[in-house]
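In the two complexes that follow, chain A is the common piece, with chain B as its partner first and chain C second.
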Partner chain A sequence: MVPPRPALSLDHLGCVIAILIGVALFAAPFATYRATRIASGDSRLLIEALPIAMGAVVALVALTIAVGAALMRDPLGRLGSAVIGLAVLLPSLGLSAGYLTPADNTFARVSPSVGFWLLALSFSLLAIDALARMRLGPYGRIAALLVGLIALALLLFSGIWDDLSILKEYRTRSDTFWREARQHLFLAFGSMAAACAVGIPLGIAGHRLKTLRTALLQGLGIVQTIPSIALFGLLMAPLGAIAASVPLAAALGIKGIGAAPAFIALFLYALFPIVANTIAGLSQVPAAAVDAARGMGMSARQKLVQVEMPLAFPVILAGIRIVLVQNLGLATVAALIGGGGFGTFVFQGIGQTAIDLVLLGAIPTVILSFAASIVLDALVELAKGALA
Partner chain B sequence: MRLASLVRLISLLLLVAFIAMPQAFAFAFEPLVTPGAPAIYNQGSLFSLTLQHLRTVCLATIASTILAVSLGIFVTRPSGGEFLPLSRSLVNIGQTFPPIAVLAIAVPLVGFGEKPTFIALFLYGLLPIFENTLTGLTQVPTQAMEAARGMGMNTWQRLSQVELPLAFPVILAGIRLSVIISLGTATIGSTVAAKGLGEVIIAGLQSNNIAFVLQGGLVVALLAVLIHDGLGLIERAAARKLGRFVDEVS
Partner chain C sequence: MIEIEHLTKRYGTNVVVDDVSFTVEEGTLTVIVGTSGAGKSTLLRMINRLVEPSAGRVFIDGEDTRAIPEDELRHRIGYVIQGYGLFPHRDVAANIATVPRLLGWERRKIAQRVDELLDLFQLDPAEFAHKFPHELSGGQQQRVGVARALAARPSLLLMDEPFGALDAVIRSKAQDDLLAIQRRLGTTIVLVTHDMNEAFHLGDRIAVMDQARLLQHATPAEMLMHPADDFVERLVGTAERPFRLLSLAKVQDAIEPGEAMGEPVAISDSLHDALSRLMWTGRDALPVADARGVILGKVSVGGILQHGRPLP
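Let's turn to the complex of A and B:
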């Protein structure tokens, strides 16, 4: 497996991570204190941001991990030390918020600062490197994701982070948060489902007719290059016209601004990966399998449903993975035209220069697309395995 | 194919004509606006906005190309091998970040204007170029490498005369993807007050002027499609040249 190395040799990646940890501990502020939510911030070093004993524990753990990262290559050891590091660091951020906020002051805000982000980044890099080297199977990766999500849920529900600025932003708008979350998921998943319903039959037709195939791929490829905000804009004019002239459409909620143009734009973006992957999946079905099916006396329909589609499925699923990750990200832009979703908080936050509000929109989006990509990658691998 | 080139040429001419003298097209947008409202964007010249938009994208792409290709070369050398598994995972994770999130997070750090847009374009543009550099460099056939070694080429010669030329078309494809993503992100950059074509769309959304939104959308969309096409032509030419080169060698 691993070639033998001298007992004490330095790992290059480990050294970079150790340097990052050093910078985070000694040269960067750990937390930012603001008197009000939009006041300019005061930086607090680690020793100022935590009770002295707690600060010492964090520093000691981080230094041990830094030395360990530079010297130890064993992935399991790296993963273990990264997990311990995060288990100390993440709750300590919540403690810091409680420590820095004066008693009975509801206006003061505490947010993580460069030092915290660098420490979190270093430990995560260590964990990601270890996981990449361990080459986990699909179930292993989903399990790792679940452990991470459960840990996050524990941190959120235990109340240990309640004094953090981002959770204060959440509490003042928890109703809107869940409404926008539902809207975000509706836009991303709904347009994906619609694209599957239309795109897979189109792909099957495109697989059979060469002229249709070229036209489809070229046309949808052009749509794919149009920037999202421009496509939203291009759809607003015709939808506005439809709403003005067809009362039924207006009654159904179709208007120039809002969710309708966003949904249609996401749907159009989603078509290309689905159609292209359906065609690619069908065209790589071995000719022998199709011949055998014909030889067994299968009708064209049976051949498609029982032979070709199952064999093409992993490739189609890979297309769905691309669409889902792309849609979850693009849905943030929908807020710009009143389509809702997590982007609402991002754009509000930009408008008010309130970074915690931006993060309230950005972090759930990133977590969603990250989780979706891990789960679907694993499913694609499982589907391929089931065929082999 | 002839029809396609004709369509391309006409779209290019239309785009240039519209950017240069938008007032001449006012008749097409007038039905969309309430009487009295301007039919053509009047808060700045479309021509200079287009140039600024392209300048931001161009500078950011050059910067990300230099860094991404260097990083790609570094992690595929034996001395950088310890970074390879991590950098692959990071590229995958990085692409799940929506560009707008990068843009929004950069604002509090560097303020409004061009800077956050440039940072977002630069960081987000790194990913496809780095990924394709990795793919291109790791796909170089071992026979080619061995032949180069057998000819007595040193490490630098192998890199500059064999590996990079063979990986070039794949790297170009990465740059093209990066440019297209950047064109879109630069448009959203107007929400943080960067000069660019997004301004037209945002102004239209704010003043409820569909004509502004439509013309901004049209210009950005045409620009993206034409640049995507143009870079595709360069890419195919490079691949053809490489094909000849490989034929000559063998």
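Let's turn to the complex of A and C:
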């Protein structure tokens, strides 16, 4: 018989989280103060970054959670304490920005520093670990994601973070931000849709013809190995030539730099997972089901639509998940050749050594990829469950 | 009636089915039996043109199958395979409805037919119609596979090792069920197996194949008494022969006048069963009764044993 686990015992991940919290509180600055957006920063410890009472509350909550994380087993309790931690920590960053910024000073910038990031990381780890231990179903995971996104939206709209430098960067660029957001989504989702439109039929053809399959997988596999910048470069010359010789193409906005080569490069990267997963999905359809379909007089088309595609769907969807997460990240690089997207802010920020501007591009990209992977993972699981 | 004429299949120089001809009468069950690789599945699949013959023809009720569009031909022929090939993404009702849906039957007629078939195969529609194949036992899957093949009331049913995946107890029940349903519906069946017992149990006629050729096509009794060659004789099993003969004969064939003590045997029982009862009870003879229990005479060990060898 397995002896019952004592209610209080050391949890390995919890210990790591507790140590992280300790380091964040006592050995790392909470926020960085800069006199201007590109000036070098001054680190502020937690006690300096917040009014004394508020700082004490944050420290106390964080310490309690550290002890809880190390000793408490109940996943619901762990999730609850992580949520409380984030609910205290995230607004406190906004308060710190207001506290540190001298009144009427529009040049000063306050941004989160190592301590804040470590605390946010610790609490998020604790929450994610608790959610994983609770073994949420696909709907539960999507619901948890929605709750997180709604909380984030509330924080943004409440104005509590308005004094943070990243939001100051946003306010001076709110028009371009949403334009680049649309461009980013267009590049990622548009190239994914195009890759599905081309890749799924190619995969079906490759499933039927062995010679085509080998050629496709090898050819697209080679494309995968070309670094993105190099692929952009490779596409510039032919697209530039097309733009120069075909007026219609130029009128449609196809040229050597800009969105066209970025779109095409993302499309080419996306083809491999779509084609490979379509082939893999079709080849794992039970041979007996295919034989029965033929034996009962289904035409080739009926067999494909009614039997093979529905059974291959979860695997194809898994390919789409790979592509979407990959595209959302890769689309950032498109900005290098004038393709737009969130990468615009990242590269501008690097050019100006304005780290907050980098974050303005990077954080939405991370959130998008994270959300896309959770939603599509849940969809893959639902599709598999429907077949089981 | 199916007439198979000089059917041949070659892959390159490899002959898989070599000039096979035989006729399957309306409403009978023919078993194609042979070792693996003998070409029996290929022969079966040439009947519904899943495999195109290299030479030879198949006539169904006098109609050359090559004159019928492939899909239309298969809509008219039931097809059951080993492993059943149920569609895992469709529930039992939708699986059974496959061919009627392809034929464009109206929804109500399909639903009615599905319920009818589930009843026929002793699967309660309320419980089973909306289950998925993975929720069924092997025996239930097998029944759904046969029900699906019969959905559009085909007059011909092709079965390729339909009981191969079942354990012994469920298999013999499934075989009996198939015989009962075949008698009730009058469906013509061609069934492929490598199991000689199954062939003798089910077949009105047996076609023995070896190395692409048809060695003998005969009734079970003929095959036992006059095997065409050594291979058939070995396949039939020399030691098993008398017992197989007794399995094929009925008590009716050996009934004698007179009286005997003990629990009566039924007139419709096989002589094999009757002999087994005699041996077990240690008696020389037992009374014979008809279905209503009326004593008609007796059956004796000596009388039965005469049926275990070819009659002079």
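Operating definition for what follows: the second predicted complex is superposed on the first by the 382 of 388 C-alpha atoms of A that agree within 3 Å, B and C clash if a C-alpha of one lies under 4 Å from a C-alpha of the other, contacts with A are read in each partner's own complex, and residues count from 1 in each chain.
Just so it is clear, a residue touches a chain if its C-beta (ideal position, glycine included) is under 8 Å from a C-beta of that chain, and two chains touch if they have at least 3 such contacts.
Because the structure is predicted, anything quoted here is derived from the model rather than measured.
Of the two partner chains placed around the shared chain by superposition, chain C is the only one that A:291 touches, whereas chain B remains out of contact. Once chain A of one complex is fitted onto chain A of the other, the partner contacts of A:83 are absent, as it touches neither chain B nor chain C.
With both structures placed on the common chain, the touch criterion links A:386 to chain C but leaves chain B unconnected. Using the contact criterion defined above for the overlaid structures, shared-chain residue A:230 touches chain B, although it does not reach chain C.
The larger set of touched chain A residues comes from B, when the choice is between chain B and chain C.
In the superposition on chain A, contact of A:310 is made with chain C only, not with chain B. In the superposed model, A:299 makes contact with chain C only, not with chain B. If you check the complex, the residues on chain C that touch chain A are 48, 50, 70-75, 79, 81-89, 98-99, 102, 132, 134, 148-149, 158.
Here chain B touches chain A in the complex through residues 32, 79-80, 82-83, 85-86, 88-90, 92-93, 95-101, 104-105, 107-108, 180, 183-185, 187-188, 191-192, 198, 201-202, 204-205, 210, 213-214, 216-218, 220-221, 224-225, 228, going by the rule given at the top. Every residue of chain A that touches chain C in the complex is listed here, in rising order: 286, 288-299, 302, 306-307, 310-311, 386-388. On the chain A side of its complex with chain B, the touching residues are 11-13, 16, 125, 128-129, 131-133, 222, 225-234, 236-237, 240, 256-257, 325, 328-330, 332-333, 336-337, 343, 346-347, 349-350, 353, 355, 358-359, 361-362, 365-366, 369-370, 372-373.
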